[in-house]
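All chains are identified by letter, namely A, B and C, in their written order; residue positions are counted from 1 within each chain.
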Amino acid sequence: MNEQETAQEGLARLEGMPGGARAALEAVLMVIDEPATAEELAAGLSVTVAVVEDLLHDLQREYSGYTVKAPDVDAVGFADASTAPRGFELRNVAGGWRIYSRSDFAEIVGRFVLEGQTTRLTQAALETLAVIAYRQPVSRARVSAIRGVNVDSVVRTLTQRGLIEDSGNDPESGAVLYRTTSYFLERMGIGSVAELPQLSPHLPGLEGIDEYYDASRM
Amino acid sequence: MNEQETAQEGLARLEGMPGGARAALEAVLMVIDEPATAEELAAGLSVTVAVVEDLLHDLQREYSGYTVKAPDVDAVGFADASTAPRGFELRNVAGGWRIYSRSDFAEIVGRFVLEGQTTRLTQAALETLAVIAYRQPVSRARVSAIRGVNVDSVVRTLTQRGLIEDSGNDPESGAVLYRTTSYFLERMGIGSVAELPQLSPHLPGLEGIDEYYDASRM
Amino acid sequence: MGPSLAPASEADVPATGEAPDAGTSEARKPGFEVRLANFTGPFDLLLGLISKHKMDITEVALATVTDEFIKYIRRLQELGEDWALDEASEFLVIAATLLDLKAARLLPAGEVEDAEDIALLEARDLLFARLLQYKAFKQIAGILGETLEEEARRYPRQVALEGHFAALLPELVWRHTPEQFAELAATALKPKDAAPAEVGLGHLHAPPVSVKEQAEIMGYRLKLGAPLSFRTLIADAETTLVVVARFLALLEMFRDRVVAFEQPEPLAELTVRWTGDDAEWDSSSLSEEYEAGMEPNNGESSNE
């Protein structure tokens, strides 16, 4: 009750400011340097999560104008003004919201932002990353068995790139287990590993593979 | 002459993109960290300085809607659409342009920034600071190679805390090099980095360490 | 880098030079190259060979592939490439499995009774399963690569905090002395134990431990002022050898009269206190007699 009132008061106060709650939210989005969850944003603005989520979707639609084709903007048809898309977009990745430059302008923006330009991953690194993403938490030995080669140096590179991390030790073997990081989700533009493409269409009739695998596990 | 043509072609190309030249400029302004001059922006967009300056003033007016009272927006009376101000503003500071959160929301933004801030550096931050202190000037990639993990966000935190700073670019790779600040010396209670204790007593067999890292350097 | 091979004596050039994902198909010339980088492992190679022959990998007809695979391995041997041991042995395992499969194919159909035959068929199934699994991950890797590339076209806004906000941040609590900070740096700069790229021999010989180094470490800690128990001093010792070295080092330091011991009763906690008034004490005064004893192979440690 009390909290509800505070949230209402908060909203009322924000609406009294130039640009209203929408502009206040934008102001906060300007200073975050990693994705912020709707909960964090709501707490910062002293409004409810529901209000913030509405505002976030409004902004997302507004920034994308009418021409957007992004699959995550499902409600774009409800945009109520005919505006050109902005040069930036608001995206929900790795569980949080953040502003990105629009990919159409990648080439131009790239001339200004040298850092962060990451070199492409090698085929070996991509395959190792794929196995870790789908089998996490997983030991090096197991990834190695799936790929058929030693993956030590590739795992080191992926750790250094911040795409995977140590997630403790296997209670049985004591081997270090690896998992993907939230930076990986960010780089993939997805909210969680559950959003990764399904593996099964690529694995015809292999229901028992894991048992096979555990039997031959090193 | 020739250059003029190129600039015209550049503008035509930009206008063909979703959102046009305005959006392209916005895309750049949204992600640059350091203020950029109109000349730099013009070069990056391949248009003339005059075009960029027009666009900058348009954007500045647009972001500020009608209600703005910022003293540096002298042309606000010419804004041609009745829009609410956005939560961000485009400011020309010391000859460079950058997007900032609107000062009306300073209190809210400040509250958000303070939320969850700790008064202590994490172990990861301390170790990264130690590596930078003893290997300065040093790039993020190298610190990352030494620590074996991605240090991007930790480096940002240390910079924000005023403990390290940008000390120019590596002549070879162009990567930003970091060094410790005088605030760091102050906190350590020493007069210069030369007064940092020698490492050797604590680390037997460190003679070859630099070669080791240079060899494994990416 | 592609090690060049001698002209192939066989008419049928191994598939490896022109596998589907080889990218640049080698122009036919007297010599040809095996680009090891084309394949990220034996499964990859095997898949390459299979798809070259447009075979369903669930089909048993692997004889041709087996031949080519073995041929490929031979070529690698001839090259004298310094293959990492495990990689070479992986190839061997697969080559052996393929040979088994070839043998299994020779068995009359429907007459699988022998336990050995069944084992062979199981091995075949296992290999198929692993190959299929690898193939799936390879396809997924392709999708990940495309997504990462597409996503890299979006740049996140991640600008430094505006000055007036940064000024709001609470003052940092800083309790590190320069010495503690140096210790931190030493830990951070120490090369991480590289993952073994070869079979470890560390268990065969105990790594050398220097009494002198251990004396330095303890001297540093004790000079901070507070008396420390022997238990504390050896808390981070990784091996018994280090514990022994530290104990010997303490005896040496006692002889140098820079430390004092306190033990209320036999087997009780042993407390060590720094008594040296000479802050410049260093381990060079230690006698050399233990050095020889504790460091049998006084060479490089196996750090790199």
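The definition used in the following text is that contacts are C-beta pairs under 8 Å (C-beta built on N, C-alpha and C of every residue); 3 or more make two chains touch, one makes a residue touch a chain.
Predicted model, so just to flag it, every value in this text is computed and none were measured.
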Chains touching both subunit A and subunit C: B
Far-end chain from subunit A, centres as C-alpha averages: C
Central subunit by CA centre of mass proxy: A
Distance between chain centroids, defined by C-alpha means - subunit A, subunit C (Å): 30
Subunit A and subunit B, separation of their C-alpha mean positions in angstrom: 22
Centre distance in Å when subunit B and subunit C are each reduced to the mean of their C-alpha atoms: 36
Multi-chain contact residues (two or more partners), subunit C: 155-159, 161-162, 165
Subunit A residues counted as touching two or more neighbouring chains: 29-31, 33-34, 88, 99-102, 109, 113, 156
Subunit B to subunit A touching residues, read off their complex: 17-20, 22-32, 36, 40, 44-45, 65, 67-68, 84-88, 99-102, 104-105, 108-109, 111-113, 115, 140, 144-145, 148-150, 152-153, 156, 174-176, 218
Interface residues, subunit C side, partner subunit B - complex: 155-162, 164-166, 168-174, 176, 178-179, 181-192, 210, 213, 216-217, 220, 301, 303-304
Footprint of subunit C on subunit B - complex, ascending: 30-33, 98, 100-101, 106, 109-110, 113-114, 117, 119-121, 126-128, 130-131, 133-135, 146-148, 156, 159-162, 187-190, 195-199, 201-206, 208-209, 212-213
Residue ranges of subunit C touching subunit A (in the complex, touch as defined): 40-44, 84, 86-87, 90, 94, 125-126, 129-130, 132-145, 147-159, 161-162, 165, 195-197
